[in-house]
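The same chain A turns up in both complexes below, where it pairs with chain B and then with chain C.
What follows is the complex of A and B.
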C-alpha cells in the first residue's frame, strides 16, 4: 500500500515521528510484559513506558563535572534523530517506505548504528569509571555483532538482486519466505538485532550488577528519556526490517502487526531463557560462530545462484 | 516537600502539573542503600523486589545509578563512616527525589541508639518522606510505605 501524504506529515506524524515513538513505547511495554509473564510475574501496566518517559522528561538533568556540555546534551538528540530517520526507508506498518533508493538498506543499517555509537560516545564523554567501562563494552560489542548482522541482511539483498528495502520487500512477498530459503541468515539477523538493542543475554554493556548502568550511568532526565525512546524506536525498526526481509514481506498493517509480534515473542523468550554473557563471551560468540555462520549462508547463496540455473 | 506548585495556575499549567504528578506516581525508580544496618531490612527489601511481590506492576524498578533513581530506600542507623556516602548518594540524585527510611534503626537508631560510632537516625542526615517501622518490616509493610509516599504526591 502506498501513502498519499505530504512529506511533512510523513516526517512528523506517520510513519515517522509521533507514530513511531508511540509504537516504540507500545512494543517496549509488550516486551517487558512478555518477559514478566515468562518469569511468572504480572508485569508492568500498559502505560508504564509512557509514565517513565514523562517522568524522565520532567526530572532535573545534572551535567556532571568533566563532561563536555554540548556533547552531553547533543548526543541523545542525534541518537534519536538518526533512529527516527531510519524509519523513513523501511515499510513501517505495512505501508510502502516513504522514500527509497538503491542502497537504502546500507543507509538504514548505519543509521541504526549511530544510536549505539552515540551511547558509546556519551559514556566516554564522562569521567565516571562506570560510564567509561560501559562505553568500552558498548563499542566492543558493536564491533562484534555488526559484521555478522550485515552479512545476514546481505542474504535477502542478494536473493532479490537489489539494495533497496522496498524492492526486497516486494520480492519477499512474491516468493517463498526467505526464512525457509536462508534459515541461518534469519537466526543470525534476529540475534544480531538483540545484540544491537543490548537485550539480555547481550546486556553486558549495561550490566547493572557490575557497572551500575553502563554508558548511561551519568544521564538523568531528558537525555536518558531520549536514549530510551531511541532504543524503543530501534526495536520497532529492527523488527520491521527482519520481518520484511525474512518473513515474507509486509504487505498491509495486519501483516506488519502479526509478523512483528511473533518476532517479539521469540526475542522475549530468548531474553527470559538466557543469562547474561560476559563481554569476552559475546565477542567470541559473534566472531567464532556468528560471522562463520553468516559467511556460510553467503557462500550457500552464491553457490545456489551459480548452480541453480544449471538445473 | 518542595513539590507544591508555586507558579500561577493557567489551564495549560494545570494539565502539565497533573501529567507530571501522574508520571511521578506511576514510575518510581528506587535505589537502595545500607548505611549501617544489620542486613535484616536489606533482605526484606530484596524479598520485596522478587517476582512474588513483583513491584514492576506498580512501575517500581531497582536502579543501580543514583542519577536514574527517584526514591532512595535507606536502611539502618547512619554510622559516622557512611554518613558522607549517604549524603553523596542523595546529592547525586536529580530532583524531585524522596527518601524512605526502612526499619526501626533507620527511624530512631534502634538498638544502636546512643552508640559511640552512630550519627543517629536517617532523618538527622537527610529529609525523610516516609518512615516504615519494623525490625525488619515485612515486604507488605515496605510496599504500603512506598504506596503511601506516592499517594501523598497527588495534587490536592
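What follows is the complex of A and C.
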C-alpha cells in the first residue's frame, strides 16, 4: 500500500516521526504490561510511558563532573536520530517504505546499531564506575549478537534475491512464509532483537542489582528521555523488520498490527521465562550457539538453492 | 587504610544506597574487568542502640522493643529473650504456650524463606520467580494475620507464655494454607533445580566446603548447605522442639544452588512440623505467672532463627529492668563467608552471593564508625550523652 503524501509529512508525522514515537511508547507499554501480567503483576496504565517521557523532559539534566559536555548532550540526539532514520526504509505500519534502494537492509541494520554504540559511548563518557562497567558490557554484547543477527537477516535477502527491504517484503507476501522455510533464522533473528534491545534475559548491561542502570546511570533528564524513546522506536522497527522478513510481509496496517503484536507477545513471554544471563554467558551463547545456528541456516539456504532446481 | 596503590584499582562500590540492597550496607569490590579480586564490607549504617535501650525499660516493655530488632524474624528474637527471662525467674511456660510459640516460629521461618527466595531470584534477574514467590508468601502472611492480628510483629510472646490461642477454626485455616504452600514449594523446587538459565547463575557459585564453613563460623542454612549439621532446634532443643524433633536438612555441595535447595527443603520440613504440632496440641493454660522483679543472675539462650543461630545473653540485677542484654544475630556470623568467597567470581555474581546468606543488616549493626581520614577518637557513654544533649539543643 502506498501513501499519497508529500515527503515532509512522511518524514515528520506519518508513518515516521511523531507516529513512530507514539507507536514506540504504545509498544513499550504493551511490552511492560504483558511481562507484568505474565509475572502476575498489574502492570502500568496505558499512558505510563508517555508520562515517564514528560517527567524526564521536565527534569533537570545534570552533567556529571568528568564528562565531555558536548558528547553528553549530543549522543542521545544522534541515537534517536539514527533510530528514526532507520524507520524510513522499513514498511512501517504496513505502508510501503518511504525510501528504498539496493542494500538498505544493511543500512537499517547499522543505523540500529548506532543507537547501541551511542549508549556505550555515553557510558564510557562518564567517570561513574557503574556507567563504565555498563558501557563495557553494552559494547561486549553488541559484538556478540551482531554477527548472528545479521546472518539471520541475510536468509530472507538471499531467498528474495534482493538487498532491499521493500523487495523482500513483496517477495515475502507472494511466497510461503519464510518462518516455515527458515525456522532457525527466525529464532536467531527474534532472540537477536531481544539482545539488541537489552531485554531480559540479555539485560546484563543494565542489570540493576549489579550496576544500577548501566551505561545510562548518570543520565537524568532529556538525555535519558531521548535514549528511551530511541529504544522504543528501535523496538517497533525491529518488530516490523522481522515480521516483514519472516512473517509473510506487511501488506496493510492490519497485517502490521497483528503480526507485530504476536511477535511482541512471544518476546514478552521469553522475557518472563528466564533468569538474567551473565555477560560471559551471553557472549558464549551467541558465539557457540547463535552464530552456529545462523551459519547452519545459511548453509541450508545455499544448499536448497543449489539442489532445488534439480527437482 | 587506603594507600596510593589501592586508590588506582577499580573499585565498584555497592551501597549504602544501591538497588541490590534493601537495607544499607557498604561493600567494596575491587574488580579486574568483570572478575572480583578483593572484597570488603562495612556495616553500621542502621545502628539503633537497642541493646542499650533495653536497660532503660522494664522486662515487659523489652518484649516489645526486642521484637522490633528485625522486621522479618521478629518472633524468634522475643522467643529467645522470653525463654531466657523465664530461665532466670525459674518459671516454666505451659506446654500449650510452647507449642504455639513453635508454630508461630515455624510460620515465621516459612515467610522468611519465601521472602528470601524472591529476593535471591531478583538479584539473579529472575523476576518471575520473585513475583510468584512473593505472591504465595501472602498466604503465610494471611495465616499469621489471622492467628495473631498482625502481619509482621505478631506479639505472640509474653513473659511466661503466649498471648493468643489457636482454636479449631484457626487450625483449619493454617492447614488449608499449608496445603497450597506445599504444592507451590514443590513447584519452586522443580524450577530452582531444573531451570537451565537459573542453574547457570547458581551452580558452582560461591562454593564453601564443610571445613571452610566451620572455620569461618557460618551458621544456619548457609552452613547447612555446606554439609555442617548445625541446627539449634536439633542440637539444643527448646520450647516444643523437645517433643517434636526436627529433621536437620543439609546439602553437600555448598554452592548457591545448595543454599536454595536447603532453604526450600526447610520449608517442606516446616510444613510437616506445623502439621504434627497441630495434630498433637497439648491442652492447658496459655501463660504462667511471672514476677515483676526477676531474680539476680545471668543466662544465655540460643534459638534457631530463619537465618541461623540467634544468641541472647541476659543479665538481671534483681530489679524490674535488665542490667544487660546482648544479642548476637546470625547475619554477623555469615559475613566472613561472603567476603571470602566473593574473590575470584564475576561481578554479576556478587548480588546473588550477598543474598545467598540471607543478610539482615539492621539487626547486626552494633556500632557506628564514622570514617574521617587520620582522625579517630573513643567516646565514653558520658561523652556521647553530652554530645547528644549539645547536638539537639
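By our rule, the second predicted complex is superposed on the first by the 311 of 311 C-alpha atoms of A that agree within 3 Å, B and C clash if a C-alpha of one lies under 4 Å from a C-alpha of the other, contacts with A are read in each partner's own complex, and residues count from 1 in each chain.
Throughout what follows, a contact is a pair of C-beta atoms (placed from the backbone, for glycine too) under 8 Å apart; a residue touches a chain by one contact, two chains touch by 3 or more.
Worth saying up front: this structure is predicted, and the values here are computed from it rather than measured.
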Contacts of A:39 with chain B and chain C, given as first, second, both or neither: both
First (chain B), second (chain C), both or neither touched by A:74: neither
First, second, both or neither for A:47, with chain B first and chain C second: first
Partner chain(s) touched by A:203 [first = chain B, second = chain C, both, neither]: second
Contacts of A:17 with chain B and chain C, given as first, second, both or neither: neither
Touching partner for A:304 - first (chain B), second (chain C), both, neither: neither
Which of chain B and chain C A:55 touches, first, second, both or neither: first
Which superposed partner A:221 touches (first chain B, second chain C, both, neither): first
Touched partner set for A:281, first chain B, second chain C, both or neither: second
Touching both chain C and chain B, counted on chain A across the two superposed complexes: 39-41, 130, 208-209, 212
Residue ranges of chain A in contact with chain C within the complex: 38-41, 129-130, 133, 136, 200-201, 203-204, 207-212, 272-281
Residues on chain B engaged by chain A in the complex (per definition of touch): 19-20, 22-24, 26-27, 51, 54, 56-57, 59, 63-65, 67-68, 70, 92, 94-96
Chain B contact footprint on chain A (complex, rising order): 32, 36, 39-45, 47-48, 50-55, 58-62, 130, 208-209, 212-213, 216-221, 224
Complex contact set, residues of chain C against chain A: 10-13, 18-20, 31, 33-34, 121-129, 131-132, 135, 195, 197-198, 200-201, 346-351
